[in-house]
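First chain A sits with chain B, and in the next complex the same chain sits with chain C.
Take a look at the complex of A and B:
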């Protein structure tokens, strides 16, 4: 799996509207420089940050999805379905459209506030709604509500502001530069490590809150930890890359299809790796090799993610 | 073995929020005692057990676990003294049987939940005690209700606690496995000195295995009954309070009354 990640990481760097031959790269490694001077800038200023962004965004979203599925004990849980991405969108919309400005950390912070708000509502609801279906419907309703609010905001905004928000909403891994990565990566890496360190409590939570409590897990603190962790991971990714659908929900299922394991010590790293691979793959498809256009990443993940989730549910129903 | 006091309740009222389900419960439970908790549906058996487990706060009164106030004990510490079986069937839990039982060792493990050889041996021993060794690698959703119930029991045993609180552990078991479990629980209390409270609807089993019976009547009154006195007493008919059956003292069982209908 790690090997596969390295291969598509390199492939992702070399595919794009400007075709850079692989042989050039080996020449560069030997110290001979590039055959064209602009290649250096394309690789290091554009494609390398983009590939790194895709990797970590994919990992973070996928692990958030896994955490939510374990926490809600529901295979349909995920940052996009439960409206957490929409919450982040609303935060960003308020910032970009209403205050029409952004400074270094304002977009991620606005996204964090939005997503945490939705998460708090969802956790409050999860204690009151017995049925997980109601919970999912609530998540959809929150998505519609935030969508409507964003629509109203757009109606009253100037066209330049709308354009920057719409572009953000299409999703892209390509907007981050090294300076953004310096802020984005440490947060995501810390988040992933922290998720891994909670494997034991997460395993206990699979048995339900009462059993977890009887095993010495403090439900209050683990709930708070997962709330903040998922909120920050999703918000951070959403702030820099726009809302990205289905990676969070589908990747844990993809991993379950080929690894028969429930221990988070194993599933968290696997889901993170797979998330990174899927994000890179989607990015490559979005680059549409051979064509001069770049497709929005959010459409690509939905195009592949939605049919996969349907397939998974059908398969699960047949077995169960 | 010297009797040690494991659980003490003084004038405890249990319920949800401020709504009391069961009032004024007082008892002490010593090491090596096996108690069955009986009573009609909805009279507070599970509520009482959940309160003892520390999952539900009590409304009033005092609960002591090994001499310490229950609320003052940290969850980690409590997990080493007290293991539970809940009525949740864990049907949809996507875990292998072995992983479910492994969680029983978690109170003793550090953050990375690495099992030692000793832990592995305890897990295997727990599984074999309930006769669940053969499906150790099966997934929970693929097991039958009874098989799953045995895995859940093994999980509680693997926790190696002095106190076991079991909410209807025989609910999904067939007769053979109910008897097997009865023998196992009796052994655990006699030989290992464990204190066990199990709720059940099965009077016949309760009368045979319990040292004492805790009974919640129709008016939600809590009674403590000695099994021996019950066996020859007319109190059984008063408790059953049904025209459809009566207690046969000689045979030591309830018999259905077909004659008057």
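Take a look at the complex of A and C:
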């Protein structure tokens, strides 16, 4: 899997609308420079940060999806069920549509504030709601509420403003610069490591809350930890890339299809690696090598993600 | 049951087909037609006692709209001059001002976007109805305005629903944005004028613009160095690049500069991947029409990749928003696209300051630092 990731990563860097021959890269390594002056920037300033973003955003979303599925013990949960992406989109909508972007606030920051606000509500609610299902419903309701507010904002906005908002909503791995990566990657890596370190507690959750309690795991604290962790991971990814559909939900299923394993010590690294691969693969397809255009990454992830979930459901039903 | 269903289906189909309006049969040949030099999107034919206005599709193969105008009230004819006019885009404010139609104006889409001083003055003296933009027109306000004619931009098949609601209003669809030449765009003033029988006045306005434009253009036809121009801004990784036949491309060429996508032989914009644009235009001399951005700091915050373009790092970026009102109504899209000679003059001042040394910019301004 790791080898596959490396191969895809390199392929992603060398495939794009501008055809940069591999031989050119070897010439560059020898110190001979590029055959076109723009190649250097295209590789190092554009494609490399994009590939790294795709890699880590993919892992973070996929692991968040897995955590949420364990948390709710519901295979259809995903990183966005908490309403976090809706919070982010409300933040961005307020910034772009209401303040016409004139506010001294960047889009990632607005997205982050929006999603953290929703996260705070969810954590507050998690202390009051006993059942995870109520939390799931609350997440859905928050999505509807923010969706309605965004709709009203859109209705009263100019088409240019709507365009930039819609484009944000389509998601993209290409907006990050090296300087953003310096902030983004450490948080995501820490989050992933933390998730891995809690594997044991997560395993006990899968066995049911009462069983976990009998093992001496504090349900309350593990629930809160997962909420914080997923909230921060998803808010962080959404802030920089916009909402990226389906990766989070589909990847854990994909892994389950091919490894019959529920131990988080194994599934977390596997899901993280697969998430990175899938995100890179989708990015590669979105680049549409050889064509002049780029496709929106969200359409690609959904286009490939949805069939997986459908397949999973069909297979599961057949077994059941 | 099946028969009822079939009847329903047939009647629906019939209802759909009968909506196509029958043109008035023209038996005689036109006695004259309006002289049009640059615009390709419309034609005007004169008959004994009426005139015929034709609006063509972008490939000029089909006639999208046909208007019959007569000074007498007749079935199937639009009676001219129009008494009550509604304008569904501030773009038309310049035509209205130049033709002196302010007094006929009864409704506009959004008052805040208008820059035309004479219309603003008119709005102070009497009530002009605000309709809201095309997709979300306030229908009650439109009924209240009792307009005879609506100026609106056309897109093929886009407005049928609204039009059918108002059999008493003529919808004048303008496709001036599909013209290849800037002068072709300006020439649409003649189309608007027809509804008010002011063709002669429109012609004199147009001729003045044309003469000025051609004179300016001749100043730079022989220039030795044609600077490379990057235009518009990217949305995400995508850059919508105007076709080589678009008026934007012609503006750049007529101002003595080089447009790297002049080989795209079409009018419409093409979405291009960021990489492709970078490869071709990273060494552009100027960057124009920077969209929503007015300062280098803003661009650096929202589009950090622009730092890789030489026109940006050398601070050679100009935006066409020098005459933007407090509400975001940009006069470039209003009076600018009628007075295309002034836009051309601006571009020459930017690209070749040595040729027009004592001229100030009107619609353009350099990006500010902060």
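Just so we're on the same page, the second predicted complex is superposed on the first by the 264 of 320 C-alpha atoms of A that agree within 3 Å, B and C clash if a C-alpha of one lies under 4 Å from a C-alpha of the other, contacts with A are read in each partner's own complex, and residues count from 1 in each chain.
Just so it is clear, a residue touches a chain if its C-beta (ideal position, glycine included) is under 8 Å from a C-beta of that chain, and two chains touch if they have at least 3 such contacts.
Every value quoted in this text rests on a predicted model; they were computed, and no experiment measured them.
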| note | Across chain A, the partner (chain B or chain C) reaching more residues is C
| request: In the overlay, answer first, second, both or neither for which of chain B and chain C A:163 touches. | output: second
| Should A:263 be classified as contacting the first partner (chain B), the second (chain C), both, or neither? | first
| task | Mind working out whether A:106 is in touch with chain B, chain C, both or neither, as first, second, both or neither? | result | second
| message | With both complexes superposed on chain A, which partner does A:211 reach: first (chain B), second (chain C), both or neither? | response | first
| task | Using the superposition on chain A described above, determine whether A:223 touches chain B (first), chain C (second), both, or neither. | result | neither
| said: By the touch definition at the top of the document, which applies to A:199: first (chain B), second (chain C), both, or neither? | reply: first
| query | In the superposed view, which residues of chain A touch chain B and also chain C? | reply | none
| task | Flag every residue of chain A that touches chain C in the complex, lowest number first. | result | 16-18, 36-39, 41-42, 45-47, 100-101, 106-107, 155, 158, 160, 163-164, 167, 170, 172, 174-175, 177, 179, 287, 292-294, 296
| Which residues, counting only chain C, touch chain A once they are in their complex? | 136, 235-238, 270-276, 278-279, 282-283, 291-292, 301-302, 304-305, 308, 328
| message | If we count contacts the way the header does, which residues on chain B are in touch with chain A in the complex? | response | 50, 53-55, 74-80, 82-84, 86, 88, 90, 92-96, 99-100, 103-104, 106-107, 109, 111-113, 139, 141, 159
| said: Per the contact definition, I'd like the list of chain A residues that touch chain B in the complex. | reply: 73, 197-200, 203-204, 206-208, 210-211, 213-218, 256, 260, 262-263, 265, 320
